[in-house]
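Right after this note come the structures.
After this come two complexes, each holding subunit A, first together with subunit B and then together with subunit C.
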Partner chain A sequence: MTVQLQDVTVHFGRTCALEGLDLSVAAGETVALLGPSGSGKSTALKAVAGFVRPSRGRVRLAGNDVTDLPPAKRGIGVVVQQYALFPHLRVADNVAFGLKAARKPRAEVAERVGEMLEMVGMTAYARRFPRELSGGQQQRVAIARALAIRPPVLLLDEPLAALDAQLRADMLGELQKLRREVPDIAIVYVTHDQSEALALADRIAVMRDARLVDVAPAAELYAAPPSAFTASFLGGANLLPVEPVEGGVKVAGHVVPGLQAAPGESLLCIRPHAIRLEADAVPGGGGAAGRAGVGGEVLGVQWRGAFNQVTCSVDGLAGVTVRVDVPADRRVPEVGADVSLVLPVEACSLVLADGC
Partner chain B sequence: MLVWTKPGKAIVWLAFAVVFGLLVVAPFVVVIAAAFAGSWNGVLPSDPTADHLRQALSGDELASLSVSLQTAFLGGLLAVVFGSWGALSAADTRFKRLADAMHHLPIAVPSVVVGLGLLVAFSRQPLLLNGTKWIVVIAHLVLMVAFSYGTVSAALERIDPSYAEVAASLGASPARVLWRVRLPMLLPAIASAAGLSVALSMGEVGATIMVYPASWRTLPVSIFALTDRGQAFVAAAEAVVLLATTVVLVLILDRLRGRAAER
Partner chain C sequence: MAVEALGVGAVVSNRPRPDGRWVWVLPPLLLIAVLVVYPLVLVAVESAPAWGEVIASTEFRSALLRTVQIAVSSTAGCLVVGTFLAVVISFVPFPGARIVAGLVDTMLALPSFLVALSFTFIYGSTGILRAGGFLTSPWAVVLAEVTFYTPFVMRPLLAAMSRLPRAQLDVAASLGAGPWRVLRQVVLPEVRPALLAGGSLTLLLTLNEFGIVLFLGAKGTTTLPMLVHTKGIVMFDYPGACVIAVVQIALSLGLYAVLRMALGGRRARLD
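Coming up: the complex of A and B.
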């Protein structure tokens, strides 16, 4: 394992910013730390980099305990949210900073800087100052600077958060390309944006309130989230309370057959795109028996281009709203219409109610 | 603007002009007029002459200007060094508030008290500085440190700590982080602090008057002494010299600061 965190706990004064984190990242693997602000994901990254000292637990790099080593002795590449390019140094000098600190021969520095700038496509900007670059260009320089020291580990702290939406999508593609260029580096990617995590990470570690909630391969977490928090944070799943019944579970009076509730699992999780909306055959509701799914009423429709996002209330479940993504080529029910929410059993999973 | 009507605006501007004119412009005008006046018996000065200015730029009086400049540069620049050092050391530590209070103490008490303190402290062996120029330089240093410390401290708070963190992660030692990242980024603030210190030092009189030896008399002290002896016109001429020198100095230092900020 290239990076290994064992029971890492960080306190800032009396507040606990990270509680007992166990996590390892292999060489060549990308792990995303995903969570809302204040979930401890950035603190975890700082603990790996050495910017904060854990009050408990150990940090290992390639098997060596580095918990008590300063950042300068760890040899980790770090890219922070605002990039922190040194404003008084030109692009080439920014990239050369780590190599000069290591007192590499001048020829080697120049060669490596050239290599790095070429990799991120910034060769033409070597003589510019950071303030003369756009956000996306600054980010590329920050990555080149971090990778110039040939780190075994690259830490990326919300690298796309400072960019606008279009640029973010482009840079996501660039980061995927970068991953292929440095296949042996372990990458830890901190983000609050689930789409970035899904696009880049081999495994996703979902964090909440200074703790690790779930960690698993991205596809697995998405398809079968182990907890309600992960289900809703990753992919915005709908969560509906259920009761176990003979041969299935009951949701708002409607039985979904074939689901077995383990003890404690009391929420049905289904993605917005997996629900099918059907107009009610009998307006005003013909009773649960007559429906293909759960009864509900359309509360609102938002057009999102490729799909319409429909919010529905659920009959018999006060305060619960369900989000349904209806492809744009499908007919959208009117606001106020009675509908049946069809829940295909293969798209449903059951999760523990963990207080969210 | 809170006032929208035309007459309303006019009244507000007039009130401002009267107050600003009386409190700020008038004293300068009077000093400049007096510097070039042969006599001043009526409402306006009469017998315009350049004699006072000539006197202010010769002999002892010129020496005073030189003394003031040397003191300002020595004291001001030392203050910048100590103030920056203090600000860098205190930043992000538990002692920040204590350090703030300590550095601001000399300007919280009357400067005469600072002068008296130095006089008492440095009038005996082994630290006998009384009677030398160094006691004047130290007085200026002590007073100007607060401003340097404050300026650099404020700039430090605005600089994202991730610059230093990233530099460290790239393998830079703390000394390298200081010299290659933190200090260059602070350069505009340090230049600002230098300008402020030199300008304030040029005009310092309260502490200087307590400690200055006859061989090291600064220009403001000269002005004070001349006025005391009733030579108001020569004093005014010296004031004009002081004013002009300070303005030129501040402009030069501001140019340097601008250049530092551009980098």
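Coming up: the complex of A and C.
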């Protein structure tokens, strides 16, 4: 393993910013640390970089314990949200900074800077100052600067958070391309944006309240989230309380057959796009027996371009709302209409109720 | 139609009326003319007959040289000590750093002769160090000025350093730069405008410093302000004092103009 975090705990005064994190990242692997603000994901990254000192636990790089080493001795590439380019240095000098710090020969520095700028498509901007660049261009320079020192590990801390939506989408593509160009580097990618994590990561580590909640390959975590928090944070799944019955589980009086609840699993998880919405034939529902799914009422409709997001209440579950994504070419029920929420069993899974 | 009707005859202009503008501009101009320009013109007129004699005199030239020597040495000392202290307060966490930073502001409010007075208790013939001759040497003046004017360098530096993004220092360190390289290649270049501002202010103030030099009464440390005092108050040679005063003013204004140009040019490049 290139990066190994073992029981890493970080305190800032009395505040625990990271609690007992165990995580490994292999060479060539991209692991996304995903979580809301204050979940400890950036602190974990800082512990790897050496910017904060763990109060407990060890950090290993390529098997060597680096917990007590300063950042300058770790040889890790770091890209931060606000780019942190040196404003008084030109683009080429920014990229050369780490190479000069390592006292590389002048010819080697020039060659490597040229390579890096070419890789990120910034050769034409080598003589510019950072203030003369756009946000996306600055981010490319920051990546080139971090990779110039040939780090075995690249840490990206919310690298797209400061960009506007269109630029973010473009840069996401750039980062995917970059990943292919540096196939041997271990990448730790911190983000609160699930779409970035899903697009870039081989594995996703979901964090909450300074702790690691779940870690698994991205597709696995999305398809079968182990916890309610992960289900909700990654993909915005709907969570409905269930009770086990013979041959399945019962949701708001409606039996979903074929699901076996393990001990503690008391929530049914289903993605918004997997629910089918059917208008009730009889206004008022006509009873659970007459429906194809769970009964509910449309509370609101939001047009999202490619789909409409319909928010529904659930009959018999006070305070529970369900989000359903209805493709834009399908008819959308009006607010106040009684509907049936059809829950296809193949799209349902059961998760632990973890206080989410 | 209603909107058009309302618009008829309504002339909208951001330009102030000329007569209204003079009401605001004239009083301050008159105030400056009476309080600042007129006395300076009187000094210049009074100095007219004595220029040749004063400029040719050895005591004037040595005072001019001594003034520049002390001012440059003190400013250099302030820059070194001020930068060092600002770096320690900003980047080396220690208990009481905030209190120390607050004391810097307090120093700015004290009169300069207090430092000279305190020096007599330390370096005077009956002081703690009993460094007899030191107190009356030009070095005592330099040391006192460094002590008193260092906060003038520190204040803008502390403000500039507090605005430095922490991420830049972290990233520089991750790229393999040790603390010394980070200081030299990241911190100091980025706080250079503050360093220039503090240094130039200190240079101007030390060129005109009178209280410290007078209080220490250092031998062989006759500066231009001291010479103005001696000629004007002790010897009643007003024309001679006025010549030196005019030179002092020209020196200060010339230096100020050069620094404004240097700082202005730098600011324009940054913009």
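Rule of thumb we're sticking to: the second predicted complex is superposed on the first by the 356 of 356 C-alpha atoms of A that agree within 3 Å, B and C clash if a C-alpha of one lies under 4 Å from a C-alpha of the other, contacts with A are read in each partner's own complex, and residues count from 1 in each chain.
The rule is simple: a contact is a pair of C-beta atoms (placed from the backbone, for glycine too) under 8 Å apart; a residue touches a chain by one contact, two chains touch by 3 or more.
Quick caveat, the model's predicted, so the values are computed rather than measured.
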Quiz item: So, on subunit A, is it clash or fit between subunit B and subunit C?
Solution: clash
Quiz prompt | subunit B versus subunit C as contact partner of A:228, first or second or both or neither | solution = neither
Quiz item: Touch check for A:80: first (subunit B), second (subunit C), both, or neither?
Solution: both
Exercise. Report for A:44: first if it touches subunit B alone, second if subunit C alone, otherwise both or neither.
Key: neither
Quiz item: Looking at the overlay, what does A:91 touch: subunit B (first), subunit C (second), both, or neither?
Solution: neither
Exercise. Answer with first, second, both or neither: which of subunit B and subunit C does A:122 touch in the superposed model?
Key: neither
Quiz prompt | Overlap of the subunit B and subunit C footprints on subunit A, listed as residue numbers | solution = 49-51, 70-72, 74-78, 80-82, 84, 86-88, 97-98, 101-102, 145-146, 149
Self-check item: Complex contacts: residues of subunit B adjacent to subunit A
Solution: 160, 162-163, 165-174, 176, 180-181, 184-185, 187, 263
Self-check item: List of subunit C residues in touch with subunit A within their complex
Solution: 165, 167-168, 170-178, 181, 185-186, 189-190, 192
Practice problem: Using the touch rule from the top, collect the residues of subunit A that touch subunit C in their complex. | Solution: 46, 49-51, 70-72, 74-78, 80-82, 84, 86-88, 97-98, 101-102, 142, 145-146, 149
Quiz prompt | subunit A to subunit B touching residues, read off their complex | solution = 49-51, 70-78, 80-82, 84, 86-88, 97-98, 101-102, 145-146, 149
